[in-house]
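In the two assemblies presented below, subunit A is common to both, partnered first by subunit B and then by subunit C.
Now for the complex of A and B:
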């Protein structure tokens, strides 16, 4: 870190900038996640750090719920979720971040158990070497699809509409 | 000359633990063990009022029940002890089903002076309540043996 002086030769205060980002999706369209990896709405960000190899905190939150058809006819969800990085906004350079992955599932044994689950992935990335981050997810099988960001049930009603869990993202250079 | 660090949180400290094997929790009721990757020695930033302890980890229970209690501990007077019952957490499932969780806990503590060791312990509510930490037994639509999730710990002052 170099010293900084005013035109009068006095030492000055200055800031050591650290990148931070706070974003939320407002009433997003529901995502139905099947067996193809799909970017989670609002999970993508560009890292605009001025520092080489920064340490990055990535924290996202979203709702995953059972897909309900009718009566006791549910699609029991089972998702694989992983963090990816890229240097070209995921155009051609797409790399899975090692060991930043997890499963979430509801009951995969019974046929009619439903689950509504919020999830808050938090990853610390040492010596980050890319420009972009995002989360992607797929289901274990076509019988284990999940619905994200909205709920079929609320306040005692079935399919009341306009019930959102807005996914939000915090990314911060530490 | 002064340096004003343009950060929202103060004195962040992290521990990222990469796993190569699963941590199987104890099966007996009311016996506790340390959650791997949860221990840290931390000194709050000068002038701060709170310390935030955040941890994330993966766990799963296949074909059975589990109910786990988590306790935030500090090292003081040559031993570990629970900080306060208000920092307890628990979760679980019942039946013969399978559940997979990605857990994120946040604890907000009053700041202290000097360094302090913190950690998280986990215990079963009753016998037969073990579960598996850090390793996923399925991935990309089939069984897996080499998929692990890092445990991420972040502690900072505000």
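Now for the complex of A and C:
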């Protein structure tokens, strides 16, 4: 932190260097999320703050889709999603961030109730004490998988190819 | 690394209070209330376009399949180009009538450009049985009726390197 002083020596204003990140993953490969926790493409970042215990805003957006087989035969999706932090780029130090987890699903009681939807979770982390953040997800069971980032149906066509919603991440030190 | 006021510049917010709900069919149409004319701050590396809006199932209770995209125009809206990586099919399907309403929140992180462009969302239904209505609301009315809901809310800003 640096301070600006007037000629009289009293503080006029402060300029505080703060970390921020704005990134999109262009045309990502589709992720099929099953029962193992998997890092969501483009959700990982290194927090390069010069401040101790910064307050961090983390916002990520992605598309989650029910997987269609044929006719009215769908893999009804039900995902567990959680935010994790690490000091070593998730090599061995991997910690779930408390109070930063959620579910997304279609109607899990119906046999054919499909859902395709963007999801934009946002978290504010007080006194952040680590170096890296990411989102991971898994499905409730192998019958509840989801496909991320791409659309299999679009503009009246089945499997038109190259239809992406780029997963994007905004991280700001507040 | 910089102060956020140095990093984020030139906010534009768009809330169209003259908005009226609109049924979207199988021809690509402009989503009313989402168009912004924007010139990035010189030297910006990214432009962020964020939009929150709602749709209702009407007129097709079995499902809504909005096929949405972000577009830009460099000729004041005479022609439009779809931006790669901003396309998605959303919505729902059920074998019985499901009557779902959805709220969508998009965040697009775009490479910056020079000069003025118009940005807008547009889309179409996947098919004639999966049409939907932008901005139709039910719960804002005390009687058993429906009407206009919230218009889309849009914000655009520049990110400096």
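Just so we're on the same page, the second predicted complex is superposed on the first by the 159 of 174 C-alpha atoms of A that agree within 3 Å, B and C clash if a C-alpha of one lies under 4 Å from a C-alpha of the other, contacts with A are read in each partner's own complex, and residues count from 1 in each chain.
Here is the rule we use: a residue touches a chain if its C-beta (ideal position, glycine included) is under 8 Å from a C-beta of that chain, and two chains touch if they have at least 3 such contacts.
Keep in mind that what you see is a predicted model, and the values were worked out from it rather than measured.
Visitor: Regarding the shared-chain residue A:124, is it in contact with subunit B (first), subunit C (second), both, or neither?
Guide: In the superposed model, A:124 contacts subunit B only, not subunit C.
Visitor: In the superposed arrangement, which partner chain does A:26 touch: subunit B (first), subunit C (second), both, or neither?
Guide: second
Visitor: State whether A:153 touches subunit B only (first), subunit C only (second), both chains, or neither.
Guide: Touch status of A:153: second partner only.
Visitor: Let me test your reading of the model: by the given contact rule, A:18 touches which partner, first (subunit B), second (subunit C), both or neither?
Guide: both
Visitor: Kindly classify A:141 by the partners it touches after superposition: subunit B alone (first), subunit C alone (second), both, or neither?
Guide: Touch status of A:141: first partner only.
Visitor: For A:81, select first, second, both or neither according to whether it touches subunit B, subunit C, the two together, or no partner.
Guide: first
Visitor: A:100 in the overlay: touching subunit B, subunit C, both, or neither? Say first, second, both or neither.
Guide: first
Visitor: Look at A:55 in the shared chain and tell me whether it touches subunit B only, subunit C only, both, or neither; answer first, second, both or neither.
Guide: First partner only.
Visitor: Touching subunit B in one complex and subunit C in the other: list those residues of subunit A.
Guide: In subunit A, positions 15-18, 20, 106-107, 110, 113, 120, 172-173 sit in both the subunit B and subunit C interfaces.
Visitor: In the complex, go through subunit C and note every residue touching subunit A.
Guide: Residues 1-4, 7-8, 26, 28, 45-46, 48, 63, 65, 67, 84-95, 98, 102, 104-110, 124, 126-127, 159.
Visitor: Can you tell me which positions in subunit A touch subunit C when the two form their complex?
Guide: That would be residues 15-20, 22-24, 26-27, 48, 50, 59, 61, 63, 65, 72, 74, 106-107, 110-118, 120, 151-156, 162-166, 168-170, 172-173 of subunit A.
Visitor: Where on subunit A does subunit B make contact in their complex?
Guide: Listed in rising order, the residues of subunit A that touch subunit B are 1, 3-4, 11-18, 20, 35, 55, 57, 78, 80-81, 98-110, 113, 119-124, 126, 138, 140-141, 172-174.
Visitor: Going by the contact rule set out above, which residues of subunit B touch subunit A in the complex?
Guide: 1-9, 12, 14, 16, 18-19, 54, 56, 58, 60, 63, 93, 95-102, 104, 136, 138-141, 147-150, 152-154
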